[in-house]
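Take this structure, written in structure tokens, and hold onto it; I'll ask about it next.
Chains: A, B, C, D and E, in written order; residue numbering restarts at 1 for each.
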Amino acid sequence: MTTWLFRRLIQALFVILAMTVIVFLGVNVIGDPVEILISPDADQAERARAIIALGLDKPLWQQYLIFLQGALHGDLGRSFVFNEPALRLIGQRMPATMELAVTAVLLSIVLGIPLGLYAGLYPDSILGRSAMAGSILGFSLPTFWVGLMFIMVFAVELGWLPSTGRGATAAFLGVQWSFLTRDGLAHMAMPALNLSLGNIALVLRLTRAGVRENLPMDYVRFARAKGLSPARVVFVHVMKNILIPIVTVIGLEFGSTIAFSVVTESVFAWPGMGKLIIDSINVLDRPVIVAYLMMIVFLFIVINLIVDLLYTALDPRVRLESRQ
Amino acid sequence: PAMAQTLSLAVSAPVTSIDPHYHTLSPNQSLDAQIFDPLVDMDATAHPVPALAESWKLVDSQTWEFHLRTTNFHNGAPFTAEDVAFTLDRVPRVLNSPGSFSIYTKAVTGVEIVDPHTIRLRTSGVYPLLPIDLTQVSMLSRSIGANPLTEDFNSGKNAIGTGPFKFVAYKPGDRIELDRNDAYWGAKPAWEHVNYRIISNDAARTSALLAGDVSLIDAVPTSDYVKLSKEPKVTLAQIVGLRLIFLWLDHQRDVSPFVEGPNGEKLDHNPLKDLRVRQALSFAINRPAIVSQVMEDSAIPSGQFLPKGSYSYVPDLAAPPYDPARARKLLAEAGYPKGFRITLHGSNDRYVNDAKIIQAVGQMWTRIGVQTKVEALPWASYVGHASKLEYSAFQFGWGTSTGEASNPLRALTATYDAAKGLGTVNRGRYSNPALDQLIDKALVTADDGARETLLQQATRMAMDDVAIIPLHQQKNIWAMRKGLSYTARADEQTRAIDIRPVK
Amino acid sequence: MSDVAAVVREETPFHRFVHEFAESKLAVAGFVVVAIIAFLAVFASVIAPQNPYDLAQLDIMDGRLPPGSVSADGLTFWLGTDDQGRDMLSGILYGLRISLTVGAGSAIIAGIIGSALGLTAAYVGGKIETGIMRLVDLQLSFPAILVALMILAFLGKGVLNVTLALVIVEWARYARTARGAALVERRREYIEAAECLALPRWRVLFRHLLPNCMPPLIVIGTIQIARAITLEATLSFLGLGVPITEPSLGLLIANGYQYMLSGKYWISFYPGIALLVTIVAINLVGDQLRDVLNPRLRR
Amino acid sequence: MSDMTLEVRNLRTHFFTRAGVVRAVEDVSFSVQRGRVLGLVGESGSGKTVTGFSIIRLVDPPGRIAGGSILFHGRDLAKLSEREMRGLRGNRIAMIFQDPMMTLNPVLRIDTQMIETVRAHAKVSHAEARARSRDALGMVGIPSPDERLESYPHQFSGGMRQRVAIAIALLHRPDLIIADEPTTALDVTIQAQILAEVQKLAANVGTALIWITHDLSVVAGLADEIAVMYAGRIVEAGDVATVLDRPSHPYTHGLIGSVPSRNKRGTRLRQIPGMTPSLLDLPEGCAFRARCAYADAACEKDPPTTEPARGHALRCFHPLLEPVA
Amino acid sequence: MSAPVIELRGVSKRFGKSFDIAARLTHRLSGALGRPYKDQTVHAVDTVDLTIRKGEVVGLVGESGCGKSTLGRMVAGIMPPSDGSVLWQGTDIATLSPEAARAVKLKVQMIFQDPYASLNPRLRVAEIVGEAPRVHGMIPRGTFDAYVDAQLHRAGLDPAYKRRYPHQFSGGQRQRIGIARALAVQPEFLVCDEAVAALDVSIQAQILNLFMDLRAELDLTYLFISHDLGVVEHLSDRVVIMYLGRIVEEARAEEIFAHANHPYTQALLSEVPRIEARKKHFVGVKGEIPSPIDRPTGCHFHPRCPHAMPRCAIEAPALREIAPGHRSACHLNT
């Protein structure tokens, strides 16, 4: 366990370091932030002043070293655009994205697993087949397109749900959350569903595949030979075994759910960090990009950690030491 | 009831800071206008009007005197000349500012407080544009303490202005909440609360209006313009804006990187330096077609920097006519009977329909024999390349924040000169000494009438020489729920105070 | 002894595979659709009434015409036109070509690179394996959109560059899958047998190990093609896709997207349908492949 | 014969696959008495497992019991409802599988897997069920059963897992245990431990036991009666001595002959030529005839079951009469 | 006595994880915290000496996980030993040039347990059998088909089937293909690792007969690994008994079965089910087979041994000759 933790930490360190180098180089390759940031009315002198103010006059390696020095003290730099510490900015936006992503993942579990179980147990039934067919649609339709359809149908035509934005929030643990208010929940419904469509399909299919693979296993037969009820066989014996791949995949997908919330957030004007990052890329706000990516890497590491721990909880055969 | 007292509106561009002096970014300035006031304001058609200064005049050729209004800041502190001095002192000292407002205050070389309601500002030379420059500078209260930090504006601590609304909360990327300032010096705002929301995605913004989540949106997408104008629940407000969409051509190099002969061979000269070629390229463009088909009538064809009605607008300078026959003839005369090949660059996420416009231009140029390849890039990388002068023909837009032609003339068409601060964004490196002289002269002409004539002459000269190829002037369009009215503004700002229920 | 025949018919694994694949009518239908789509894409230049990428053939005066309209030159736009006056039918046919090229191209290249690395990692082990797998981790923790943006900014837009970007985004998944499969197969006795017969290492790797690791790779290959096509569409939506003058299906949808509210549905709808049909068909094939190629579900 | 625990009559279990009907069990009859051990032997694919699953009615589609009766204490199991059947499974009839690595659910603790079995058939408290489980573990010779209850299957060796499976089978002291090759995957010394355990239990509890195996040597020492299966049918059955020492069916004879210890060291073994036939659409007639030295035209018809001696059943037109060397 | 073909001298094989920085860091850390690191090394084979002579059949018996396959692999040259040396006709394989090592490797071939996993499912039979000889240039041009036919025929398969794939054969037939594959490179030595364990009794007899026929025909030497004492007894000249990585007893076959010396061998023999037995009373050696990660000290068998003495837990008994050609490792013998 300790070895595993150490290994994880060392790897994470390398990943983060590599990431920052790439981003520093990458942002430089894309373009010049000053060109984007500075007012077109500014003259050449003002331009030169701004370059110095942002520290962009120094050679890149020096900028990088300065950044590293700051990072060691927990300061990932200030946004060029917002003039706020990049970390704080991300921190402000993170809850919105997180609650969206978590809800999306929850939705995928709540909808995906039961449907997948059904489709796995009754593969030839109409519902089972439709679930499978529907799941293909789940990842065939581009997210942005589905999002707009949702808005058109549920907000514009039917008027059931608010079209965009985050709605009212309430504080919990010092952070503003939407899911605590009715209005917030109403605002969250469409984007969360939109974001989770792909995941629902994925979980559904994984569950189905898991059921199909586990049903013929000896231990299932043995459980039946013990005279257990079908419900217990499915919900305890089979379920616990298929949860393992599902948890792994959900863990991995949680990361890309966050990364892909960019699209959903821009369609639904959801003020999360996905939108922040895409805006930051658009204006080459390097500190925010770097900080965001470091956060993402950190998040991935934490998620992987949780997945691994869950893994050990679910599958007693797995010992952390033996997984790379 | 209470609901009616709340106005939700949605703008397209994100506000990045509440600090009115942090970044010369129009979305920020648009928001600032709700909370803060400048000394001199712009009216809807971009003419200067009194704001915190009730009047101003030149005392001598280098000194301006402003008479200040008697009013209070949101925190009750009275507005005085001290606050003006405080503000002017602060502007150049904002930490980490990527785009400082000092470009609007740097002409001021001395401040003299005559009495609490009179202040004199001195400039180093004759500077007739000072009142116009000051339209961009919001006045702060010195009661917020010396060296106010940008963060403290975002939290609300420093967001104390004299404007029609008081700051309540800032949720970055989402909304800014405002309350009415009941002590406002101007007309009383119609709304007790304002939700100033940010919805960048065009379709989402329109949907939000249609779904009734917001009552007004700005930057109505061109594709929805026609539909919304027919929608019974919605009314529109529009005005021809100050933003010109135009094309740059490479005026400088002898061999331009993206120009080739008609069969792809290298050329040892740059056809774009030939006036006839530039004229041909301009006549080849069917501006009305672009306006009707691409912009869906939310623009007007243009042949100069400013829309009609602006100061220094040239009344008889119409948009160049669509004349492919003449274009072909000019090309032949210039020695390109078979045309040539060119790549037209542009952004795809910056201006309204930017990528579509250059495709349309590409079609049109191809039709006169200039085989055009069109390339559109995200602004973030495009602007860097363009500023490094890597392209031969490329699209840009220019919003004349000052509402008069000296601004684009200086920035776009004056010869690039870092020392004098001229030609700052002259990315075609157009250079015409005669034009430079005219501009120089206009800038030190204090008399408004004489200056206007000079600017009109300069504009005509630049356009005749095809320094840029103007395409169209965008219309600024707001859509709102029936029952509301808005005074459309040429400067694209959305001001809640100008949104009023129809009686 | 051997005079008792084991199985009557001579049957290659391929035959058996085809046979099992054909058991699902839906999958066969999917395959037929994929084949038709591939045909349409390959011969788009012959079939399409217009070359939608040739600016000289477009006229913005024909822009946004509804389906069935006739242009000034007598060309009928069966599916209408987009804002540039591009015949949607032609645009879709050519767009299919781009989408499939980008999708299949990136999936195949990424597949080759990823599997080679994954197999090597599994077979060679040690430091090389650690190195490759850390690279995979790094790649997988990097948001695809940012990678794509950086690459596209570096190289400029273009079908090739989008393909390259997708390759860089995708290869890691293959490497992971290939390594996983190879770790299992490597322990099989036939690999030991090959080693015992002193066959050269590369031969063991590519002739014995690789073919047996193909099933999972083929399965994720089909899924990745579909993924790549949608990812390309998303990149286009974010303004990072293929050049606007050579629109893929995704870009057509993204372009038409803004017209959805104004009732000019065809600009986005028909390419959407084409994309949907393509991806559904590919996934149907992929689903059946997964079942057929999965040894655990083998009957 | 009032002690008859199970009597299977003319059982047929068929698999209706796409490729055709697999007659996995065809006209199988046998019986087991209280406290007795029946060894069911045969080569791979001869239908032993399917017979076992048919008895506890766990044949999954496309398989189906196509005929015959399974009388358990006189009740025909083939006619019971699924619910009634569930009440018997694990309760009156238990089954032990071949591969101890696969039969226990890898992700559930031993106590969970045992307690759920107890509570499926007896209305007892959790603690009570746990106590019973612990006793059962003790009975099969697992040291410190209290701690072992908390373990997961993977923490056990193969032999211990098989003992856990046996303990689970014993929880309700069933009348019949079907053991499907439970020691095949185990080492010799461990196999002996399990066999010793089973012998003791059968003797003490009076359970009837069906011991399925392909290893004649194992049943030789364990079983009272032997039934030899070939291609879905029982070709010869009887008490151990009769079948092993004086086999009448050429297949049984060949099978016993090919066991190395029945041959002189270092000599060629006696072998049955050819291979086991596929059960898919097996033609009529004796299934063994292609490999049989005595086969003739008569064998193209199904041989009937005869009883050459009391308690000895045979399906052959050409029974061998001399005893094995 | 004929010359030795294979000699193992003090051969050991350990499997362990390689230590990276993180692992070393933890070791140091847990060491500092007073919790010494638990060694996870698998000692699969532990200082084994074994000589196999030309033309012999040596049976290797032992329970699951005792290192039989590992030993077989080292003999077949698939796996290098961690310690000690493997000698082929007197020369250490490790010192050979790559060329010579390859030639030796081909001389020792292996027949595997699982007839399903040991054939590449994607190759035709002809390719499976003929690939190696062709790659190694053992068949003249144009004679490929004839060569493969001959190999298949020798293994008792109809050459007409050579264009088929493995899945189209039964287990017994597959095992014949595996044998043909091994014979195709003209080996002198066969390692049969549980080569008949997966086969039905009636098929097993066929394959065992084939092995005996081939021995006579090709003058092969065998290392015959099996846990089935009956099979080993029938086939072997000499029998080697392994327990947990070590050889515990070794003797001529008759000798072992008549006068087993080591308590483990005795237990093994008494537990083997015999078809002659009737209503046998099974006893069972007490205890479980220990794991090669966590081996008992001293004699590996002592926790289960009925004759265990205090010394057995401390000192590992050496393998010593107790009768001519009969070696045993037990403290009872001293």
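What we mean here is this: contacts are C-beta pairs under 8 Å (C-beta built on N, C-alpha and C of every residue); 3 or more make two chains touch, one makes a residue touch a chain.
Just so it is clear, the model here is predicted, and its values are computed rather than measured.
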- Which two chains are joined by the greatest number of C-beta pairs in contact? A-B
- Could you tell me which chain lies farthest from chain C when each chain's centre is the average position of its Cα atoms? D
- Query: Taking each chain's centre as the mean of its Cα atoms, which chain lies farthest from chain E?
  - Reply: B
- Between chain A and chain C, what is the gap in Å from one C-alpha centre to the other? 24
- Item | Whole-Å separation of chain centres (CA-atom averages), chain C against chain D | 51
- State, to the nearest whole Å, the distance from the C-alpha centre of chain B to the C-alpha centre of chain E. 85
- Find the geometric centre of each of chain B and chain C from their Cα atoms only, then give the gap between the two centres in Å, rounded to an integer. 44
- Give the residues of chain E that touch two or more other chains, as numbers and ranges in rising order. 20, 170, 173, 206
- Residues of chain D touching at least two other chains: 273, 275
- Task: Mind pulling the residue numbers of chain A that touch at least two other chains?
- Result: 30-31, 148, 152, 156, 266, 281
- Complex contacts: residues of chain C adjacent to chain B: 55-56, 58-61, 63-64, 83-85, 149, 152-153, 156-157, 239-240, 243-245, 257-264
- Message: Going by the contact rule set out above, which residues of chain A touch chain D in the complex?
- Response: 216-219, 221-229, 232, 236-237, 240-241, 244, 314-317
- Where on chain B is chain A touching in the complex? 10, 14, 16-17, 19, 22-25, 95-100, 102-103, 150-151, 154, 171-175, 197-201, 203-205, 207-208, 210-213, 349, 378-385, 387, 398-399, 401, 407, 411, 418, 421-422, 424-425
- Item | Residue ranges of chain C touching chain A (in the complex, touch as defined) | 133-134, 137-138, 140-146, 149-150, 153-154, 226-227, 230, 233-234, 237-238, 250, 253-254, 257, 260-261, 268, 272, 275-276, 279-280, 283-284, 287, 290, 296-297
- Task: Please give the residue numbers of chain E that touch chain C in the complex, ascending.
- Result: 18, 20, 73, 76-78, 102, 105-106, 108-110, 112-114, 117-123, 131-132, 135-136, 156-158, 161, 163-165, 167-170, 173, 176, 178, 181-182, 185, 206
